[in-house]
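Note that chain A is present in both complexes that follow, paired respectively with chain B and with chain C.
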Partner chain A sequence: MIQLLRIELYKIFKRPRTYISFGIVTAITTVIQVAMLSDGKSFLGFALQGINEQFDIHGNILNGYLVAYIILQSLLIHIPLLVALVAGDMLAGEANLGTLRLLLTRPVSRSQLVLVKFFASFLYTVLLIIWLAVVALFLSLLLFGKGDMINLKSDAFVMLLQGDVMWRYAAAFLFAILAMTTIAAMSLLLSAFADNSIGPIISTMGIVVVLTILSNLELPLFNLIKPYLFTTHMIGWKGFFDDPVPYAAIARSSIILVVYTVVFISATIVYFNKKDIRS
Partner chain B sequence: MRRFCVFVLVIACCAVNGVRAAEASVLFESLRRKVLSVHDYTAEVKMNINVTYMRIPQLGGTLYYKAPDKMRLERHGGLSILPKKNINLTLSNLIPGGNVTVIEVGEATIGNKKVRVLKVIPEDEKSDIILTKIWVDEKDLVALRTETTTRNDGTVTMDLEYATYTAYCLPDKVTIYMDLKDYKLPKGVTMDYNDQPAPPKTTDKKNQKGTIKITYLKYNINTGISDSFFSKPEKK
Partner chain C sequence: MAPILEVEHLSKSFKTFKAVDDLSFAIRRGEVYGFLGQNGAGKSTTMRMALGLIFPDSGRICINGSEFNNSRRHLLRSIGAIIERPDMYGYLSGWENLKIFAALSGSSIPAARLHEVLDIVGLKGREKDRVSAYSQGMKQRLGIAIAMAHQPDLLILDEPTNGLDPQGIAEMRALIISLSKDHGKTIMISSHLLYEIEQVATNMLIIHKGKKISEGPVQQLLNPDDTLTEVAIVPDDSITAQLTVSAWAKYVERTGPGLLVFRMNPAHTPALNKWLVDAGAQVQSISSKHSFETYFLNITSDTTAAHRAI
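Coming up: the complex of A and B.
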């Protein structure tokens, strides 16, 4: 299994496409940081309009913690795409290249192969989130400095003391890994259905975009299904920036994401075991 | 004879009222003189902001004040949040300056202290303060409560507790009740995590507006703070 995992990781990190993801994360992050450096104060002025009418806030509001939060919020849709770029290619890419049949002639079961490919996608996801933490959080702290963090919600203004922020980011990134692992699992399932990687990647994105819209629409019809959509729970990382932290809600979201991941992986194993592999 | 008695009674009532009004004015002027004797101070403070839509931890820092209206909270690298400048957190800002009309409206009890209640109306029509009601402890010559109605910022009520700095009319604890507008941002912009709890609702009418509690730990009075200090950017 370990040998197989090594081979899968070698395949992932040999492809230039893998590094495109890291490049895209760096590019988007840098663009937002430059925009914040040049025009962040007017952006903040707009966002804080309601508060500024009644309170004077002084100090380094536009600090690294806030900028990192803005970056993470903007990357909500992009990171699943980058995860799908690799996970969606895991089985479909092999089928496309005609190497899947050859691979299955090795003494490994199909279930083992699916699990190894999932684990390799998981490790890629972990590395991508760690890279995101480095460029979004640590680079922002370097550029904008430290300070108390503000978090603007639709009905509340939350302020967190600077000594109380770092653990929240650590927890938020761990939660992001969990959420992106669900995406990787879904992408792998879609990859099992296809014989080329474009289909699973686009399908993953389509599902994420449609479900994210459903999760954010304030309509009574959708309120019934919202709690069951994984996209509703993917933003659970934001809960760590509330005061008090809604641990029960975050735990519920984590369980739902784990259940989705297990269901996706199980479905992939069941389908892949029955699949007639012709390429 | 009957007409004469009524006339005397009216004159006597007017005289008593006049004396009471004069007494109230003297009391107010003495209080104002005492309050205005503090030209500036720095104080170590702890501040609790309790506003329904704000979740802010207790803020500690140094509060700088210079008469008549300069104030700055320094939090050694942290953010400082103060109500807008036209509602200042000091008693001297909530007591009207210039010529005023003082009316005594009765007596009351705050805690176990008997206080005289004065209504103060500024004669300057441009003044931001329309009316101030002051509960004065005559014995210590301090204001234990003020209720100030402003032109632009609604009504500000302030409860004051004194201990060490009574001689300067500087409180050790202040609770400010303020009128506040609603705060709302579109959910599409903030993309809230839906399961977060709603802000707690309070049953206390005063708290539905907004409360700021300030505890003053130590004052340095009349040390001479320059005006430029208040326009300096805060150190990061």
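Coming up: the complex of A and C.
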């Protein structure tokens, strides 16, 4: 199994398209950082319009912590797409390439292959989130410096002291890995159904977009199902920037995401073990 | 000794389409077993079932006497295969592809063995090139190198000459014969071209619409009296009239002005030529070929032949 995983990772990181995701993250992040460097103060003035009338805020407000938070909010939909680019290609891409039948004529168990593909997707997700942390957080800190962080919400704002922020980012990135692993698992399941990778990637995005809209619609009908949608829980990372941190809600979201991941992977194994390989 | 591959009453349907219908056959060690049938006859489906890629609806498959379903992973160690196109990772080199699939073979294969198989298939010196830069023939040969690197007892090659140019076909044929004669491999090879099977196989099975039509040693199945002989002469009604009352009349068919087709043993060609010349015909050409189409049409239209098993 370790050998299989090593081979899988070797294939992923030898393929040029793998690095597209890292490039996209860098590009989006840099664009936002440049925009904030050139016009961040007026953006912040507009965002703090109501607050400035009631509070006297001093210090480096436009700091690396705030810029990183703005970047993460902007990438809410993009990161799942980047994860799906690799996870959705895992089985369907092999089928499309024709290598799946060659792989399965080797003494490799299908369950092992699915698990290895999942672990490889997971490791790719971890690296992508780490890269996001490097370019969104550490680069922003270099460009904008440190300071107390203002977390602007629709009905309130939270002021976090600069010494109290870094651990929150670490926890938020860990939570993001969990959420994106659920996306990777779903994408892998869709990948098992298909013989080309476009279908699973588009389907993953379609599901994420539709469920995210449902998660955000304030209608009684949807309120019933919202607690069961994984998209409702994917934004649990934001909880780490509240004061106090809603640990119970975050724990519940984490458990639901883990359950979704296990269900997706189990379904992939069951289906793939019965699938006729005709590609 | 148990057959290296034994298939009993194998059936498989895709929705309403019956791809393989109650198929049984056995391949013995050392044979080159030809699997002949038109496109869609059920060849690839059967081979895929023998490799565990497709699950049969019924029937059983045994490798070296052991039930395939009971120990798939163990038995796959003794098989090497190319199914349809030998697709590989185009962004990796031939060597990297070979190493990856060798590492998945279930046994430790030394680098020297990998170099040896590259040498056997004639890819030495090109192994560092990306596979995306390989010709179809090179990919086929790399596919065979991958299939045989772990020294399997049985090689399953599905249409290995597909997409190759004439030189590539000749090289592939020579390689298959060499694998059998020089390396002692048992080979199951499929094709829709009778000529290809005839060149390399010792035994063959003909499959049509998923059913076994005929099976036996190639030379016995290919009755030389069924060889298609096409004669082109300058159109001449008197020659045609003489033919209808001659000893050749029972063989001849007219297919066009001056075009005559005989189903006869090629050994009779000189006598036919002499007869035509003596009769005053201006012979333009005489050619013999054992085309699959004619042979296949013969065998599927002849109910007696259809059930013959030698």
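By definition in this document, the second predicted complex is superposed on the first by the 279 of 279 C-alpha atoms of A that agree within 3 Å, B and C clash if a C-alpha of one lies under 4 Å from a C-alpha of the other, contacts with A are read in each partner's own complex, and residues count from 1 in each chain.
We adopt the following convention: a residue touches a chain if its C-beta (ideal position, glycine included) is under 8 Å from a C-beta of that chain, and two chains touch if they have at least 3 such contacts.
Just so it is clear, the structure is predicted and the values come from calculations on it, not from any experiment.
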Worksheet item: Among the partners chain B and chain C, which is in contact with a greater number of residues of chain A?
Response: B
Item to complete: Using the touch definition from the top, say if A:Trp167 reaches chain B (first), chain C (second), both or neither.
Response: neither
Worksheet item: A:Ser253 contacts which: chain B (first), chain C (second), both, neither?
Response: first
Discussion item. Between chain B and chain C, whom does A:Gln3 touch in the aligned arrangement: first, second, both, or neither?
Written reply: second
Worksheet item: When the two structures are overlaid on chain A, which partner does A:Arg15 contact: first (chain B), second (chain C), both, or neither?
Response: second
Discussion item. On the A-aligned overlay, A:Asn216 touches which partner chain: chain B = first, chain C = second, or both, or neither?
Written reply: first
Worksheet entry | chain B and chain C footprints on chain A, overlapping residues | none
Worksheet entry | Residues of chain A defined as touching chain B within the complex | 47, 50-51, 53-61, 73, 76, 145-148, 150, 152-162, 164, 216, 218, 226, 232, 235-236, 238-239, 242-244, 246, 249-250, 252-253
Discussion item. For the complex, give me every residue of chain B touching chain A.
Written reply: 53-57, 72-73, 75, 77-85, 180-181, 183-199, 234, 236
Fill in: Residues of chain C defined as touching chain A within the complex
14, 48, 51-55, 72-74, 76-77, 79-92, 96, 100-101, 103-106, 143, 146
Discussion item. Under the stated contact criterion, what part of chain A meets chain C in this complex?
Written reply: 3-4, 7, 10-11, 14-16, 97-99, 101-109, 274, 276-278
